[in-house]
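What follows is a set of structures to go through.
Each of the next two complexes has chain A plus one more chain, namely chain B in the first and chain C in the second.
Coming up: the complex of A and B.
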């Protein structure tokens, strides 16, 4: 049997037609989000549950509509790697993996590609300040993230941070606080750039400088990310009011970044409520069982 | 008694450092005590009236045990050489480890007296189950253990013939099948 590839079904089926013929692709010029029901500051509804991977010390599954990922935490266990010296602190080892079918483009299923390596590193940087590694000398905690479906890499990373910290708490590992993750994209909206410049220059004259209008879209999906100017991902400990990691890419002005950090912190507080609820639910379940 | 109101998650503020002492599952930051694990909040009263009660959080899902200094561990001897015996630590303070930790019992840590006359081969054999104490976190690989106390040493072993061994003195064990006496550093039965 071929274990390197996912074997296809024996029967062939006609492909699903994704869009009707009169389908119009979403662009930011429509002044609405890709999902028209969402306001710019709205997150997608979150489903979060602990304890789905039974053999792991702790686990969590998170779903933000089409972003779906599972996280398993193993450990603390002895350091196995030879050549690593004595360490009085524990080590947090994160492993971020996209399933082959997670993205629009098929991904490699064996090695970690550069993007996965980068995301693994960001994840461990975002989580390590919250975990009390000084209590676990000579041990390693392994965090495995498997993305089942990705809808926007920013939201994927944010969801991974959220799920991993819930899984760590579920594993009974001592932490300073839960870490909530949130992403935001800067989007240029309104009528296309050329028409905006002409209108503003003619109508307002001595008014504002000609700048395209930038809107902050929280928790952007893939379709919205195609048009983004830049994005940030914030990892934040809500009850200690501390930021553990901030990732910003693309181009943006200072005030926009400040504003989006504030938006993300607000959103993280909402995510924290979901995390809190999920952990209490897991306690209730273990009591019933 | 256990109610939903007592359930806490990491980072939840539990009280002021002037009201409580920091107990298990909590930590103090600046002037406040916070929970560090998921579980139920418990306030433990201490003997004296002027002593502060301990704020603790009882874990919901306990993390697997890891060895710490002075812990009593139960381990299995995997190989011996003239300088030390290598062991796999399986239980720490009565709590099982999900994954075995490596430890070594050096020849000078086998017993408290006549240390220069100790022979590892007359103290431990591969396959023995040993009760020992962690004396140091050791090097990059193994924890350092000691059996230099009466109640520490071999608690279970099999003889060359395959019968189980019963202790007859602090350094001899007898096979239940063949009555052959083998040398071990025995633990005093508790």
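Coming up: the complex of A and C.
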């Protein structure tokens, strides 16, 4: 028997698929987001809880609707290999991992791919200014992030930063401040996507013939990210008033960047309140127990 | 890359920067002399070598090959693990900023790979930034030109990222893609032929929009550009600002384990933007000068003299 041939019937019929009435694809329109209940500056509601991983020194779980990730902090532990050399400062070892089912496309889970490696690096750079690593010479702190569900690349990174700093605090590691993360996407808004795409392709030359209207959407989800012109992820320590990480991609004029940085800082202040609340709750729980 | 710096040396550099005079006599916003040469490797579609006086030496080559457009881009690099990954991802972010790719399924993808450098570093890149990818398409959905951009770090002397992106831009400017002729055989069948004429070639469309980057190193409360390896060791936080000719920001990334105050951050972005724009203008001028003189020589039948690899 030929195994490679598909033994299908001779006659085939297209399946009947009933689309819901409001199946129309979402396109960026002013003041209207993919989730119509949200305003451009609104974040998704955040659920943040500490102590879900019992074996870890500190842990946190964060959920922004469909962005879900868990963070475990282990350590500080001594540097394992002697050959790694003496370090007067502690080392933050971050490990960012997407679950195989976290994204639209299945990810191979055997090794960290380049994107995960980079996210790990960004995460450690974002957290390092807050952690008092000078108090922990010759030691390593392990921070493990597992993304269970990803809805928006930027929001995923921002959530990881937020969760990781809460987990570090929960582990009782001395920090100068909590780091709050926030993401924003900016995109051209217009009545239909067909006109916007022609605009972007025609504007690849010098100077735009039509000045497009740019709208900043905070905490964009996957659907919104499809249309984004660029995105920004900001990590910020609200009490110290210091930016610990900034990541931006996509073309943008200077004022848009400045505006999104400011928006992100404001949003970080809101996230900070949630982080505070979560840590206070964990204190209460440990007291009751 | 030297990994350690003595406290005395750090103090010396810090105080110098505070007084606006650096160890090699430069001021804070001064670049070192940049030596740029295009067309250095004959087997490539376009190549460039960038040397920053005092160390960094990067050879960038662009090779155009025919392949089928794949859904995803690939960025790979070899060499020192972390840095290599960082540079690769940063480049992919800076260069991959036009969103034309997802709307045109026929557009090309590009890949990058890199070799290991003489020192510990190697970077690689892939580019779609600013480049009009639909022009690289030969048969929609089937065949396209793939631009492989390879950056080889020959020597390290600080400020690698700026050198790599400068080289990439120059190499793309130098790139000549052969013209193709497509025949429609009917039934959705196409056949194409690559015209074998060295004189009649296409340039990479949209190359003017390629960004370059300026790395700002925050040392103390000040920021400097084009840091030397020792200055890089004193850097608390660095900010890489990618900017194109029209002054649009194409990417921002903070590096190193330090924070930046918001007001300083905005100042640094602004500074990087103006710095990058002037740098691009001067680069373009030089690239054009070189291309013009090469063309004139070729028309007169004179040999084109290149500095070559042993020039100092």
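Just so we're on the same page, the second predicted complex is superposed on the first by the 243 of 289 C-alpha atoms of A that agree within 3 Å, B and C clash if a C-alpha of one lies under 4 Å from a C-alpha of the other, contacts with A are read in each partner's own complex, and residues count from 1 in each chain.
We take it that a residue touches a chain if its C-beta (ideal position, glycine included) is under 8 Å from a C-beta of that chain, and two chains touch if they have at least 3 such contacts.
Owing to the predicted nature of the structure, the values given are computational and were not obtained by experimental measurement.
Participant: Which term applies to chain B and chain C once both are placed on chain A by superposition, clash or fit?
Facilitator: fit
Participant: Quick one: is A:117 in contact with chain B, with chain C, with both, or with neither? Answer first, second, both or neither.
Facilitator: In the superposed model, A:117 contacts chain C only, not chain B.
Participant: Between chain B (first) and chain C (second), which does A:27 come into contact with in this model arrangement: first, second, both, or neither?
Facilitator: neither
Participant: For A:248, is the partner it touches chain B (first), chain C (second), both, or none of the two (neither)?
Facilitator: second
Participant: Output check: A:258 vs chain B and chain C. Expected answer is one of first, second, both, neither. What do you get?
Facilitator: second
Participant: Touch test for A:169: chain B only (first), chain C only (second), both, or neither?
Facilitator: First partner only, chain B.
Participant: Should A:240 be classified as contacting the first partner (chain B), the second (chain C), both, or neither?
Facilitator: A:240: touches chain B and chain C.
Participant: Identify the partner contact of A:269: answer first if only chain B is touched, second if only chain C is, both if each is, neither if none is.
Facilitator: Neither partner.
Participant: In the superposition on the shared chain, how near does any CA atom of chain B get to one of chain C? Answer in angstrom.
Facilitator: Minimum over all C-alpha pairs: 14 Å.
Participant: Which chain A residues come up in both lists, the one for chain B and the one for chain C?
Facilitator: 130, 237, 240
Participant: Can you check the complex and tell me which residues of chain A touch chain C?
Facilitator: 114-115, 117-118, 121, 124-125, 128-130, 133, 197, 200-201, 204-207, 226, 228-230, 232, 236-237, 240-254, 257-258, 261, 265
Participant: Chain A touches which residues of chain C in the complex?
Facilitator: Of all residues in chain C, those touching chain A are 75-76, 82, 85-86, 88-89, 93-94, 96-100, 102-104, 130, 132, 134, 206, 208-209, 237, 239, 244-262, 265-266, 269-270, 273.
Participant: Which chain A residues qualify as touching chain B in the complex?
Facilitator: Contacts found on chain A: 57-58, 75-79, 84-88, 130, 132, 136-139, 169-178, 237-240, 275-276, 279-280, 282-284, 286-287.
Participant: State the interface residues of chain B toward chain A in the complex, per the touch definition above.
Facilitator: 2, 4, 7, 9-13, 25, 27, 29, 34, 36-39, 59-64, 66, 98-102, 137-140, 143
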